[in-house]
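Working notes, beginning with the structure itself.
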Amino acid sequence: MVLKGEELSFRYQSGGRQILNHVSLSIESGEIVGLCAPSGFGKTTLCKILGGYAEPDSGTASLEGKSIRSYRGYCPVQMIWQHPELVINPRLKMSQVLAEAGDIDEHVITNLGIETEWMSRYPIELSGGELQRFCIARALGEGTRFILADEITTMLDLITQAQIWNFLKTESMERNIGMLVVSHSGELLDKLCSRRIDMQAFS
Amino acid sequence: MNLHRRKHAFLLLILAATFLFLIIIIGFLCKDAAMETDFVRKNQSPSFRYPFGTDWMGRDMFARTAAGLSMSIRLGLFTATISAVIAFMLGSIAAVMGKAADAFIGWLIDLMLGIPHILLLILISFACGKGVRGVVIGVLCTHWMSLARVIRGEVLQLKQSGYVQAAAKLGTSKGKIITIHMLPHLIPQFMTGLILLFPHAILHEAGITFLGFGLPPEQPAIGVILSESIRYLLTGSWWLAVFPGVSLVLVVILFDYIGSMTRRLLDPASVHE
Amino acid sequence: MERIPVLNVENLSVSFSQYAGVLRKKQIEAIKDLNVTLYPGEIVAVAGASGSGKSLLAHAILGILPYNASMGGRISYCGNSLTSAQAQELRGKEIVLVPQSVSYLDPLMKVGPQIRKNAKDKPSREKTLEIFNRYGLAAETENLYPFELSGGMARRVLISTAVLEKPKLVIADEPTPGLDAAAAKRVMEHFREIADEGAAVLLITHDLELAIETADRIAIFYAGTTLEEVQASDFAEGLKLHHPYTRALWQAMPRNGMQVPKGI
């Protein structure tokens, strides 16, 4: 499978700053691609378009030739956000949050270090790092083919970061999931990715 | 320190609700007593036998007040509930049915809010032939706007929220998004709005009745009692206005209190208080 | 003469009460025994696993713990014990927070007025621009709303907010995520400057690399307790690390192989 963005352009309102200007990229299944750029270069916007959260002003984002936004039901492209607290309903217990993604394999939960005790808590009673593990688990439902990871470990400590990336790397290899990793840390991208896209090249 | 605050609030809430419920029952039982005239006992000041005194026709003021309050509360419950439902529906429709619906409902809200409340109430009540029907329709038409606005804002915000968008990508159906992610946020807003509508509805019912555009004079209504008692205040019959007036204020305060308590108990930000 | 620490936290504990069911209550302990001392002109980094109560430490010092939290132990500021009333008094003046999340900004207010607390006089405008310049923010940033800022820009705006006053104690709660390496380094240099001017900086972070470069000492926290306090230079070399967790932390750095030992 190939996740493709072709000639993507985006600005927030007409007359606003051009965030993306004819950006093209493609990611193959099982491939881990790094994405780096200084802040303000539209990395999050690019992820949102590739994940079907936003519509580009021009250009197309597609999976297997089919537009991402036309997928109904569980989306095969899942985005994991930088701030987990914004994408979790504060009124749900963590077990309910997880249940929303359908059946999550037990080994995903164990390997992400999610403790049983956390399941009965509410989001405000967990730290950002603990919440992020739930977001990652939730994004790894059966139907997932691609993961868009938008600076998902910037808020976390090194051990958690290492734990999460080691797990995601093995998991993506085993399940042939393609991954786009956005990070500021060159060292991290060197360690994880087979190739790297520098968004400064597009402007 | 605040270990018992929630329990405390919960208990007071039940007490207040029971008290209001009791008034309804007592009012019901006093219905006949409220109409009974006996000129032997007219113009008596408060005593053990007649705690709120009697009026110039010898009617027991306690019975009249209870019957009037009961009437007010029942009317208030009915109109506030329907108003809140109208608000909920119009608010949601404005938020989800697209720009045209939003613009129309927004215009309607502005229009209704633009006309002075009491004036509109009087007009509608008068046009509908006064009486219970007039009051009910009047209050229904004039009390839904601010809650509708709140609901519209909430739904719009929920639609944009990260977790609703993420839920859609996780394949959660529209119906489930509404029941899991939207209603739990909206229901507390709705409940609080509903309960806080009661005091408004009751006061406005009493208000237009007092002015003579509401319930008919033969009804034992607080508005009627108060407007009649004005004539006798100068002759020293203070109890005719004071007790019914204070009871009305008390009922309104109780409803207001129940409203804020409900909000505190249901609000996620203070759910562990 | 013995120096008086700006901040001294002893045996701090923070716990939350939570309702299980409608009326039953239970306690959750987030911080058990936390100790840290800061002297003027010093940067102390607090590093540790997420959920070790790093952010709660900041909130406890500032007196802004959530309503269902209760706190034990002692926090003293400049030699006197710090009550929450005092903390409130000093907050934003002598003690400032550089918050972790962009949601601390008012979404309905333009950035410029927000930073100078709505002051309209010329000196404070110029001061804002000067500080923006220091952090590599364009002057036009003033007229943007928070939602128009990218993650990195928002962070730099938050830092600008804090240094506008002349604080004695700066608490930086994860100040660098979202910044590119060059900008993060620059921000750290500014914390160094603030410290060199005599303030104490409490740096709450998981980014050990930056902490090593800037901080004087690093306190390692795990599961709500202080495991050990090491000189930054020792940590860089991986020397004199006594606790297994501290060693694991060192190994988990991408440059040291990103290994996660079993049992952590």
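Each chain carries a letter (A, B and C) given by its place in the written order, and its residues are counted from 1.
By our rule, contacts are C-beta pairs under 8 Å (C-beta built on N, C-alpha and C of every residue); 3 or more make two chains touch, one makes a residue touch a chain.
Not measured: the values here are computed from a predicted model.
Which two chains touch most often is answered by the contact tally, and the pair is A-C. Each chain gets a centre from the mean of its Cα atoms; the one farthest from the centre of chain A is B.
With centres set at the average Cα position, the gap from chain A to chain C is 27 Å. Measuring from the averaged C-alpha position of chain B to that of chain C gives a distance of 49 Å. Chain C has residues 16, 18 in contact with two or more other chains. Counting only residues that touch two or more partner chains, chain A has none.
Against chain A, in their complex, chain B makes its touches with residues 161-163, 165-167, 169-172, 180-181, 184-185, 268.
Those residues of chain A lying in contact with chain B across their complex are 51-53, 73-75, 78-79, 81, 86-92, 96, 100-102, 122, 138, 141, 143. Of all residues in chain A, those touching chain C in their complex are 12, 37-41, 44, 82-83, 85, 120-121, 124-130, 151, 154-163, 165-166, 184-188, 190-191. Interface residues of chain C, counted against chain A in their complex, comprise 16, 18, 20, 28, 47-52, 55, 66, 100-102, 148, 150-153, 174, 177-184, 206, 208, 248-249, 252-255, 258-260, 264.
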